[in-house]
Amino acid sequence: MNANTKGLFLLIKSEYDIQFRLIQPTPMVALLHLHPSVESTLAVIDGIENTDRLKVEQIGPNIEAPVEIPIDDYLDSFGNRCSRFVAPAGIVRLSGTNIIVSDGYPELQGFNLPAIPVEELPADTLQFLLASRYCEVDRFGGIAQDLFGHLGTGWGLAAAIRDWVHEKVVFDYKMARATKTAMDVFTERIGVCRDYQHLAVTLSRCMNIPARYVTGYIGDIRVPFSGPGDFSAWYQVWLGGRWWDMDARHNYPRIGRILMATGRDAADVAITTSFGRAELTRFYVETYEIDADLRPVPLPPKPGPPITAPTT
Amino acid sequence: MNANTKGLFLLIKSEYDIQFRLIQPTPMVALLHLHPSVESTLAVIDGIENTDRLKVEQIGPNIEAPVEIPIDDYLDSFGNRCSRFVAPAGIVRLSGTNIIVSDGYPELQGFNLPAIPVEELPADTLQFLLASRYCEVDRFGGIAQDLFGHLGTGWGLAAAIRDWVHEKVVFDYKMARATKTAMDVFTERIGVCRDYQHLAVTLSRCMNIPARYVTGYIGDIRVPFSGPGDFSAWYQVWLGGRWWDMDARHNYPRIGRILMATGRDAADVAITTSFGRAELTRFYVETYEIDADLRPVPLPPKPGPPITAPTT
Amino acid sequence: MNANTKGLFLLIKSEYDIQFRLIQPTPMVALLHLHPSVESTLAVIDGIENTDRLKVEQIGPNIEAPVEIPIDDYLDSFGNRCSRFVAPAGIVRLSGTNIIVSDGYPELQGFNLPAIPVEELPADTLQFLLASRYCEVDRFGGIAQDLFGHLGTGWGLAAAIRDWVHEKVVFDYKMARATKTAMDVFTERIGVCRDYQHLAVTLSRCMNIPARYVTGYIGDIRVPFSGPGDFSAWYQVWLGGRWWDMDARHNYPRIGRILMATGRDAADVAITTSFGRAELTRFYVETYEIDADLRPVPLPPKPGPPITAPTT
Amino acid sequence: MNANTKGLFLLIKSEYDIQFRLIQPTPMVALLHLHPSVESTLAVIDGIENTDRLKVEQIGPNIEAPVEIPIDDYLDSFGNRCSRFVAPAGIVRLSGTNIIVSDGYPELQGFNLPAIPVEELPADTLQFLLASRYCEVDRFGGIAQDLFGHLGTGWGLAAAIRDWVHEKVVFDYKMARATKTAMDVFTERIGVCRDYQHLAVTLSRCMNIPARYVTGYIGDIRVPFSGPGDFSAWYQVWLGGRWWDMDARHNYPRIGRILMATGRDAADVAITTSFGRAELTRFYVETYEIDADLRPVPLPPKPGPPITAPTT
């Protein structure tokens, strides 16, 4: 173990195994790497290759041993590390593992940060004020003014938007759909994590706060078990000279958000994109804390019913 | 005059004067420059500053002489040259002029170019296969297959899409609106140049042809007068290792398309974006051929009724 | 003149002349009659046939004298008097005139009427709580609760909805379009009279107030000239055992609303519906007060600038 | 048993039990009756009350014996028999049973029926040419012409539309949603039975064929078991002077369609509408053939794999 796991620092392991059945060779793009900005948190561990490598293999049917498929990596215009390859017909597995060192703190909060006038925003944040596929900024102008026009500025406003979305939208895994936009979320008031963030991103942009969509890992780290793992989505707002994590779905500070990709919305950062028909046959993602011996750290129990002292 | 105006070469002058009334200081972004890739075509003319400069001035009310406003330029993620400034309250004028040397040919046609498999596309063209604000690629999959699934590949397919849109959509200046998407165009079948291109771009992407939206100047160059000038929109498809101009509105080769900006759709390349209320009070754009003495070249007459020889 | 024009009573004349160019015989349906419930207000005037008759005539091209086209009348499921006919190819004119006796009062206001529980609503009002083409009640539930959930009940709530729409939407004749729904109005905040009413109707239904869309005449009656005439749209809410006129566009009591048709929204009560291509070539509608000699009553002048007494 | 069950005639029993949990007394409307036009098919059976009665009862919590809730019936503007009542807080059950006599034939087919010109359509069918909430006729004009403009007329055209929808849309129970319109179905190409019918209804209307939406029972009658029961949706087109059943989902003639309600689309004929929050806690519907002793008739087995004669 390297020294940087001492003190507050903790180790978080992520792993995924995603499989598709393809009827013909199919070009694919995957955004399954850590974001370049967090590659430096990869733990250095003796005897373990911990390079966040994506492995793509043909594993069936009638394959004796998995056949690895060559991959090309590139950076997209948002700076995300993307992988492209031609998946052969049959069963194809995309898998990977990484262990990062977390500082053990929930994400920082920028309480009281003032608004940044548009004219002082860095040029490369301006694109995150514009309308995009799932964020119809051009249709939400009046709505955003009605809801938030008198609700402060800066961090306070950004947090008010996040909290409003969190309160109004109900989570329902079954109500996900690929074409759901912020306007759909606003009217239907139900959805999955991506939907919460699209609505919050859109409203933030309407109020001139640059906001970008994020995909990454959020495991159950030092919180009770919450169900099977998945990639997660949150968003970031630009205030006080940096991007701040916000999450209209899991609306409380979390330990161990791990950034994979950022973009204008989910259209930019799909985990996988297939240029042809691809049937998803397996989807496994888990993120969990490990100890210095690389064994999973047990999660705290769910809070039980309150215990009252006997009254005699 | 410099030598490069000889032979087939011709000079094209563009000029614009756009004015807004603002009730308070308002940050603005303008995409009013030539695209960096065509700056080299700016004519070198003795005694004339021909630098494609954008001038922003406060000209009213109660202003004795125009007051020039400072501008910052930056490149956006698509490589467009953008200008930002804070427009003061009052009447503000954005104006500029440029003269470029055109080779005098209509845009090239890539007849017979074959399709490029997705896996062979350059990484930076892949974003132009994705859904964007006004191009709902994710909603047009079945529709595009129905219409074009059996209509060839490569240039032939790209041209079939362009021609279909050209034939099905009716031009009506009054039917423009800011939120109109490709799906709206597909159902309403009416719109302005931007609408034609959004639909064609979307269908092209569905068929795995990278397509990007373009803004620029198209003047009446060696064609009869067609009405007051405006900025125009067209689009480009990636085939055979380069981008090719296509135009589902003015669906024939033109002399003198002058590229200003490219993006995924109109959301990326708005001519001006105001972060606050701005009332457009004047909008003048003209593009026309000039001769070596910098005087406008008269346009050919509109074709009159056919003249028949007298029969005796 | 009959006696009922004395006292407060006044006479209102409406007339229309609508023309189409048709390339082939085309079935049409027109809702150009007074609503059966107001036929009793037709003035009885000696020597004048005042029967609200619709005349459909072929008037061109190359027609010496107008040729009248036979019409069938029927009542639709909402009780509106509809006319159907097959318009011949050429130029076709739909025209009519009627004179009604108005009581001279602006429409009644139901101030302080309490809400009616759904279970006490008459069965035939329940359909006016449902979603319809341009009134997406099923998408506005959360929005209506956010905006009006704490804003009273009954008349107060109904008026709050009407006033909110009136305040938020900007009139612009150029922003009309046939497919514009209440959600489009809510997001774009701009439109024509039909758009105001669709949004108000939708929000009223969401709050369990039956609301139906109305077409009719609203002339400049004892108010200054407001521009060329047109058919108008308003809406009605059910409270206190009857329907009450409301108008989110002309949001003040008016003399001389004349009911033509009611329905769930504009899809039910289009003035004319053509089953085939029809080019509108003339559209004239006027409604104005006439005196006992049937001459137009001059309108009051527009208020001029305030006149201040000279200060010496 | 009465005589009319002999010969080809067969008995079909339908039964339902639908339960809601309500937090407060809630007005509801239910369309759970047979359509008045098919009430005459209710079997007359000695000793059995077979009146298609809807029973609404409060059954929990803490209820010793079910408490029956009074119901008011009314006919809506489409002629459907509707029931309204105020469901009390707690658990409420809607249940009923009916036995009808079917002629044992699959629904009739109107092969070769010619188109009916709009001008010859009965007045009360014209409303089924108009746009409605889930059938955006006004957005499908060009699309319908592209797809079906050259595909015959009358029954042939109607069947071509039905077949096209059947072929293009994929059934997926999980992809149902309350706000899904014909345009959503056209773009997403996936849905449940109501979605198939909405798209087919819309396209039929665009081609001037009156089409209305139907709810009813379709059990597994003399066909293999296809899964748990549900209410079903189909649609009807007007040709040759009557309405004909069509079904873009179960696109083959069926024995035993039992009509419950018709309307312009699903907005008109929701099985239940709650004016307040209602949590569905049980949903049971079954329709099956019974014999003269009122015992269920076993279904034919699903076809097994083909059996080949042994080759020796």
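The chains carry the letters A, B, C and D, assigned in the order they are written, with residues numbered from 1 in each.
By definition in this document, contacts are C-beta pairs under 8 Å (C-beta built on N, C-alpha and C of every residue); 3 or more make two chains touch, one makes a residue touch a chain.
Remember, it's a predicted structure, so these values are computed and weren't measured experimentally.
Shared contact partners of chain C and chain D are A, B. Of the two chain pairs examined here, B-C and B-D, the one linked by more C-beta pairs in contact is B-D. A separation of 43 Å divides the Cα centre of chain B from that of chain C. Chain B and chain D, compared by their mean Cα positions, are separated by 52 Å. With touch defined as above, residues shared between interfaces to two or more other chains in chain A number as follows: 136, 139, 179, 187-188. Across the complex, chain C is touched by residues 136, 139-143, 146-147, 168, 183, 186-189 of chain A.
Looking at the complex, you find that chain A touches chain D at residues 174-175, 177, 179, 187-188. Those residues of chain C whose C-beta lies close enough to touch chain D in the complex are 27, 29, 72, 74, 76-78, 82, 84-86, 117-119, 123-124, 126-127, 129-133, 135-136, 138-139, 178-179, 208, 267-268, 273, 275.
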